């Protein structure tokens, strides 16, 4: 049993946020923050440039976005559960919670894609106006990040199954966790910069 | 080793060099320099209007202040480099000296003082030279609307209902208010002897005020690279007496064709090295229409028969 | 199947381009042929293509930089030649669009493929050694960065052969770079070359930031870091925070061009100004990314060849950080003429000027380092002196341009071109060449030739003034930049002089390549046995030249800013430890070159809209990363006995070189042995190895 405790310690050490490799991931996230802030700036700049096309109030529908948001917020919680179990060395539970996170993330992405398809079908495609380009650009980049997060979750589940909870796997889970929470944070900004003002505008009008 | 050799060479050649330089300087007057290096063509300093003159003064003042940086830097560098060369054994050597509070206070303080002076200059001059600010004059301001195209300038005089390509006339001592936009890529309008450069962008309106105080022929250009015809995108500026200006207006009015939508659609097609073209009249509101077409459409102006939105 | 790619892409109307292609392809085939004939492929693959060793990666970066220095300079010379022959009544020899490709190519190549790789190369060679580390934090990522830069450079190269390069200027202003106005593939090549090299630089930034923060030897606190490490740290911060802005700007521009979006189109609600803001939000910090590490080089050079501690180290550090911070607050000065309100212009103008304060402090600190020093006029010191004087003039014209009122007049004129060459040539090029000479023996084990180096220096220095003083004059005569032809006879006079200046610079570049050749030929004569050819002060000089793959057999302990000088003064340098230990090093791997190859094909496929291929390559990159994650960090072990053999050989050479003897005469560090009077010979720390002791 003592060797098990030793494993647990090395797993916990590898999952710390300040190891050399995880620290580098923080730095990478900083650069990603800049990418999103640029896209937010673009959106704010172009958000009134409808070029005679549909306005924000015309295209946003808050109910679906609310579901999306709840799914993503919940997925942060479930990922947190996976990390708690990682610290306990509970391999099966880590996989289960990762699975739940994947389902929530996939729901979010699927909903977003159907929203995009709906908009394009309605003639509110990204080629219609500066506003719609900026909308698709910002929300789409976030969606692409979620997609890569989902791929990453799958890879991690496979690695846990194949290798068990080794320190390298734990270290990677720690970075995936940072990435996933970061996406959640970005989404909160998307919600309050894109959807909320857009809908409020419609209400005011 | 080689430093010493070159030092000796310089010492040996010192006298002949001085003689040669004195002879050269005596032989060539200031005029010779001006002629040889075309110094009278430095349009930045030979200005013909209040805006450009202000800018010249800003530049000369800044240059003078900056000499207080340049001269010590060059002087100290050359002096220290020469004096503390390794082969000079007669100087002090303080290998471990690396800090002096007083000296560093000066090193931070000196540049700070200079920058504070220049910051005040910047603040004041930027507001004075704001291109949107009307110029003071006894004469009423003349309005001009400039549209940059591939690769020529269209100038509309709405008060006189004429338009000209690649030519501007203005009466001396009369302010010009130029509104700018582009029917193509980004361009930059400048008449160097009169003053500021300002950019012309599609779907947007910028404004520039200029005035000529001296009669003359000046050149104006697009300064922002805009493609194949960029180099030939020049225009002539006639700063003339008021009666000559009226004549020029009459000459334009006598032109054979008006600038209607059809003529505009023809003109806006890319062309290079365009000679001046005069238009006897201008379709009302053309300038604003061009801006709007870029804001809400693809920038093209529809044929006259399909023109519904104005 | 092949998207927009047809045979037409291979046909060129200009004989000059055909000729350039023949030379390029011919040289390429010749090199491939020679490598095959001498059976060097295996060696190259094992030792270079798959390596993750930071020193070799640094060397390859600089190799790329030198190739693009040549290409970038040829473009510059052709621009000068065109303007010297396209005056009134003359035709010139180029068409306007070819001229535009040249000035675009010159700017793009010099910034992205000459200066950046050169800087990253020097960082790679010097920083792990300066901080006493065995490698960077992420060696594989480092290799990926290198090969991505190479892939991006290859895209620029192949644009000469297939299709064309951008005509929109190195800054690619919208809407000119949009599809409506630049329908050719040139802008796409430009986008993807910059995008791939930008991603490579971002990865390098992350890598070195972590390396410097996490891998310093024990005892090396922040205030004991060598100046080059400090300035590189600030540069990496700038890279991480600014390059993503370029990434986004280019990505959105690519979408505008290929997906029909309206981010920057200037029609349908797109905002052309947004691109220009975003470009300079990256572009202005980029200027300091190029200049700050080079400032660090100058600091190293000045202290070493003045045989003195660096004056005002703390001021230098604070000044560097101030410059790094301020560099994010000035981007609007690139477009004062855009017609915004005077409040904004004045604020950004003043912010720009404020940068002159810390920059001035740095210059004065170098000058006062010379004060009461023992200055040896080795080549890097000459570059430094040339830099200080020339750069100060460039700074002056910069302050002038920082005043919006003056900028209204000088913007887009040749005055501006003269200004930024006047800061970037001394501020970056001179320093890079100084650093090249300074660290060359460390990387290769022999010193560079001094005589040809001086020829190169004077070629660059004199050529610079002859080429760019005319551009200042022309700017004040109202000549815009980027003119393929003109009618003013007065301009012609000055442009001919500028072309002569370019010829003199050409001699400087020729002399530099001669220097490399002559040094290689005479390498046995110029061997650096002690690993410390200049009487160095920082840790990289405490180990062999070239260093063993593990750099430090024993990670050193740092007691002073000038860590190695401290060891020499306290007689603790070159000590043999009682026993060595096994050293774990990362294994070579071909994955970096595979990823970069896929990135190159992806870029090429995107340029020509070969979507299936682009998609496959993207999948390939993702697949390679995932595959690697299943087999991470393979290492190999260097056994203690082998380490001991290598180190003993080094110590024998040190003794043979007389470095131990010299150590006793160190006077440079002050304290109890600053016995200047006792040692009448000039500067014993200069330690030219030929000097008998």
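Letters A, B and C mark the chains in the order given here, with residues in each chain numbered from 1 onward.
To be clear about the criterion, a residue touches a chain if its C-beta (ideal position, glycine included) is under 8 Å from a C-beta of that chain, and two chains touch if they have at least 3 such contacts.
Note that this is a predicted model, so its numbers are computed, not measured.
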Report the pair of chains linked by the most C-beta pairs in contact. B-C
Based on mean C-alpha positions, I'd like to know which chain lies farthest from chain A. B
With chain centres taken as the means of their Cα atoms, state the distance from chain B to chain C in Å. 32
Distance between the centres, which are taken as Cα means, of chain C and chain A, whole angstrom: 36
Starting from the mean Cα coordinates of chain A and chain B, work out the distance between those two points in Å. 49
Contacts with 2+ other chains: residues of chain C: 268-269
Going through chain B residue by residue, note those that touch at least 2 other chains and give them in order. 295-297
Residues of chain A touching at least two other chains: 49, 51
Spell out the part of chain C that touches chain B in their complex, as residue ranges. 96-97, 100, 167, 169, 173-176, 181, 266-269, 272-273, 306-315, 335, 337-339, 341-342, 345-346, 349-350, 353-354, 356-357, 360-361, 363-365, 367-377, 385, 388-389, 392-393, 395-396, 399-400, 402-406, 408-413, 473, 475-478, 480-487, 490, 493-494, 667-671, 674, 676, 680, 682-683, 686
For the chain B and chain C complex, residues of the former touching the latter: 2-3, 37-38, 41-45, 52, 54-55, 58-59, 62-63, 66, 69-70, 73-74, 76-78, 80-81, 84-87, 89, 91-99, 103-104, 107-108, 110-112, 114-115, 118-119, 121-123, 125-132, 184-186, 188, 190, 192-193, 195-199, 201-204, 206-207, 219, 221-232, 234, 294-299
Which stretch or stretches of chain A touch chain C in the complex? 20-21, 23-24, 27-28, 30-32, 34-35, 38-39, 41-42, 45-46, 49-51, 53, 126-131, 133-134, 136-137, 151, 155, 159, 162, 168, 172
Residue ranges of chain A in contact with chain B within the complex: 49, 51-52
Residue set of chain B touching chain A in the complex reads 295-297
